[in-house]
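What follows is one structure encoded as structure tokens, with my remarks underneath.
Chain IDs A, B, C and D follow the sequence of writing; residue 1 opens each chain.
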Amino acid sequence: MDRTKPSAILLIHCPDQKGIIAKVTEFLSRHKGNIIDLDEHVDEREKIFFMRVEWELDGFAIAREEINDRFNEEIGAHYQMVWKLHFTGQKPGVALMVSKYPHCLYDILSRYQSGEWEIEIPLIISNHNDLSDIAARFDIPFYHLPINKDNKLAQEQQQIALLKKHDVDLIILARYMQILSGGFIKEYPNKIINIHHSFLPAFPGAKPYHSAYQRGVKIIGASSHYVTTELDEGPLIEQDVVRVSHKDSIQSLMRKGRDLEKIVLSRAIWHHLQHNVLVFKNRTVIFE
Amino acid sequence: MDRTKPSAILLIHCPDQKGIIAKVTEFLSRHKGNIIDLDEHVDEREKIFFMRVEWELDGFAIAREEINDRFNEEIGAHYQMVWKLHFTGQKPGVALMVSKYPHCLYDILSRYQSGEWEIEIPLIISNHNDLSDIAARFDIPFYHLPINKDNKLAQEQQQIALLKKHDVDLIILARYMQILSGGFIKEYPNKIINIHHSFLPAFPGAKPYHSAYQRGVKIIGASSHYVTTELDEGPLIEQDVVRVSHKDSIQSLMRKGRDLEKIVLSRAIWHHLQHNVLVFKNRTVIFE
Amino acid sequence: MDRTKPSAILLIHCPDQKGIIAKVTEFLSRHKGNIIDLDEHVDEREKIFFMRVEWELDGFAIAREEINDRFNEEIGAHYQMVWKLHFTGQKPGVALMVSKYPHCLYDILSRYQSGEWEIEIPLIISNHNDLSDIAARFDIPFYHLPINKDNKLAQEQQQIALLKKHDVDLIILARYMQILSGGFIKEYPNKIINIHHSFLPAFPGAKPYHSAYQRGVKIIGASSHYVTTELDEGPLIEQDVVRVSHKDSIQSLMRKGRDLEKIVLSRAIWHHLQHNVLVFKNRTVIFE
Amino acid sequence: MDRTKPSAILLIHCPDQKGIIAKVTEFLSRHKGNIIDLDEHVDEREKIFFMRVEWELDGFAIAREEINDRFNEEIGAHYQMVWKLHFTGQKPGVALMVSKYPHCLYDILSRYQSGEWEIEIPLIISNHNDLSDIAARFDIPFYHLPINKDNKLAQEQQQIALLKKHDVDLIILARYMQILSGGFIKEYPNKIINIHHSFLPAFPGAKPYHSAYQRGVKIIGASSHYVTTELDEGPLIEQDVVRVSHKDSIQSLMRKGRDLEKIVLSRAIWHHLQHNVLVFKNRTVIFE
């Protein structure tokens, strides 16, 4: 979807029951909302109904700030729904967290600069200083907060303070090589996107390219997921792979992997920014 | 979708207007139809609305044979809709047309025999006798109707007579190496599926592997499409590709291509059998 | 390579040293062997040299049965080489072991029947009787050897006796759902090819499609490997993947996976039959 | 290959004859050259032999500047060979030509800046001024040479003068939206790499995403090739594809295509820089 008129998006899930789609579409229709996109999914094992519906705000009879309440009253409460309401045309604040590898950072900043994504990037946070030059090239404030065993939680408090101060809606771990503490993660549920350099669940943890080489796989991958307190086990948003062979040294696996990583991460970010992603029980529904 | 209860499927398209989804879902809901799958799409350039909706027939208040009329009265006629109604649980009659290459034929018969597809295959038609042994192995009647310049239209009349006699709903050209006449094609609009051995529109016509070799492409493909009177230009249903290199001779392109051909063709057949495919202006909408 | 003249193939590995290629090519050249294909690889971490060289036997000055000795004397012994000598134009005996799933079996028999592979299939062995009809359709002797905890080793002795009797060179586990004992495996080192229904090392063991569904992966795969005593950890020969989404139930993952499994298995078999595969330390070098 | 010691690379082709590999390897061996990589290929239709051989210069008995002559005397002249000699460790001068789309430019400059490629980029040439800011961000001289019907050849003279002045070895058309004249192209045979935004030969010329949309393809691609005087028909170096569906508007095809374009272009550049590419009769042999 590539649209310019303002619209609203509802991401809904609830126990599956008869008539839910009809109820939701009738609600929007009755209040003069023109539906421009609707997709639904039923998880038949879990008996859960999922829906993404987008409608034009022009002519819609309910004011933006009242939609949540009216939807709750008329529908949501009756079906035990959990939902999120989004509006297009708002630029979310996105923070980047990086360490030493520049490829994902460059890729994100290039897209940002080109206007490919409707976002603001108010800051970059890093535990190393290596990439500060790139931040400077793109005129983004860079915060160097070194981390060691002793200062980790204190530095995270600093990070969170910065993120709050800059009103950040989404955090991207662009090859950030630190494990976030549970406390940090709970501040931003389903709002931290990581890129892992393997086709998870294969090769979790550190050094997946070394492991891939040792195992002699014929395909390597990259996986982007929301960060949860279970390391490398958060809900997967996007994965992709590339063929390799015995000719690939660990170094060439890394070289090929870098391209995968940056593309997979950027696709995951795109889906998140489009409000395409619903998370339920550690899995994602991606309405695209 | 892999379900066992009987359900009905509507494939709809019409000029895009406000409120269509609400109208259709309200219609189904009012008549006690439980929607189990709904997907819609708006072609924003053509301003056409597309929809696939599937609902359970158990408890639905309108008898099967009256659904078309009631839908027309209450909705279809008011929105200039074009639609098709399908019911699950009916085994369509499928005819195979082949020439000399066995790989797609084997693949289809293996799936048929394994019960992967809910179909009947009452006959195989061929312009050569080479594959009659395979038909015999799988106990399918095989009709050998040789074709030359002079007898082509007469033989096609024979073919059509056989297809009618066996009540065939779908014709699969499983590497059938004859061009069907316009008259034949018009008898079965969007009911003839062909597999072409290139990633169309590259290399249309005969000998695409030779052309791919000459051009030195790094990727070859296969394309499955509905047959129209424009050779190799019908609506594409499915395509897939595989990497090749300078090491591939024409023979090895053919070898790799055979696997592509059979898989791509079978995916296209699957979509057709699931009633996932809508055709509009030579393009397909595939609701999956 | 798709050739018809008789040729010989040497698959060699040895500690990496200067001048090995020159020595081998000089040896062949001096004895009037025309090299038609040469590929080499150096594993720079292990410092091991690998080579596949194929030359025409027409005009070659050394008789087939003396090549091994002469090569050993003039070169092999001087470089601590391990090598295997193969001749084209010989049809290896291939045994299939299956259980209940027919798709890989059908695929292999179709290729066999079409003459795609230069092999003989003297027998099919199964622990269930479900697929005996397919064997009958293709006129292959089918041995039903049911296996339970108590009779496993005894039945394996039966299987081995059958394999020896039929002079089998290669065993294909075409979704054979039993774990072979170490004793069996040691009889056929790097001569048993299995297909596993996941992109190993993700989801080893049973029920990988269920695990893939639970994990919410965006890609599923299949992996073909030589069987070793470490379950699902043998040297990988070929892997491939296909994209999936939240829309895929476990059943549809299985459906998509079946196509992957049969294609990946057949590619692995092809490489083995072409003598393209060298195994070293649980990894494969695939010269293609 | 990821090595640090200085080495030499020969890219050879000649009419296929017996004993060529032995001759070449014996030559290198006799002069104390340690072969670290050798790959050969025979085009059996054209009867042409291709070879890439790389050996260490440390200890090699022939001085760099004499290798060509000695090779010619001892071997090349006797086999009607055409060859090129390259040395690793030399940074080629690479010029970028761009117009208005920034994605390939950003991608190349990011790799350059990160040290991924061993090159110098002394200048960027553009017929528009839109991307001059990016050049400035990366501190690369930017030459704005607007082109219209009347000044085209004169401006190309300017461009060539700049390229000569900066001693450029490779020209990358990173979505440069002008057709180079034959005169320009002949100055740099197999030294101009273009990225075309379709899976050639499908959709040559302008607006391939519009054509792909109209045709309803299920896969889009990008193709990188050497520029010849036949528009979009030069030898293909690399291609890749991505799946699309009816949901993709032209704009989203473009969005997905941008990622393909930059990755495919960068892979082609990598192969060229590694001296992996041999061109013969409009096709490439890529030794990787």
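By our rule, a residue touches a chain if its C-beta (ideal position, glycine included) is under 8 Å from a C-beta of that chain, and two chains touch if they have at least 3 such contacts.
Remember, predicted model here, so these are calculated numbers, not experimental data.
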item	value
Far-end chain from chain B, centres as C-alpha averages	D
Result of counting contacting C-beta pairs for B-D and B-C, higher pair	B-D
Whole-Å gap separating chain B and chain D, where each centre is the average of the chain's CA atoms	41
Whole-Å separation of chain centres (CA-atom averages), chain B against chain C	36
Residue numbers of chain D (touch at least two other chains)	247, 249
Chain B-touching residues of chain C, taken from the complex the two chains share	1-2, 102-103, 106-107, 110, 113-114, 116, 134, 137-138, 247, 249, 251-252, 255, 258-259, 263, 266, 288
Chain D residues touching chain C - in the complex, by the definition given at the top	18-19, 21-23, 25-26, 28-29, 34-40, 42, 243
Chain D-touching residues of chain B, taken from the complex the two chains share	41, 43-45, 50, 199-203, 214-219, 221, 235-241, 245-247, 249-250, 282-286
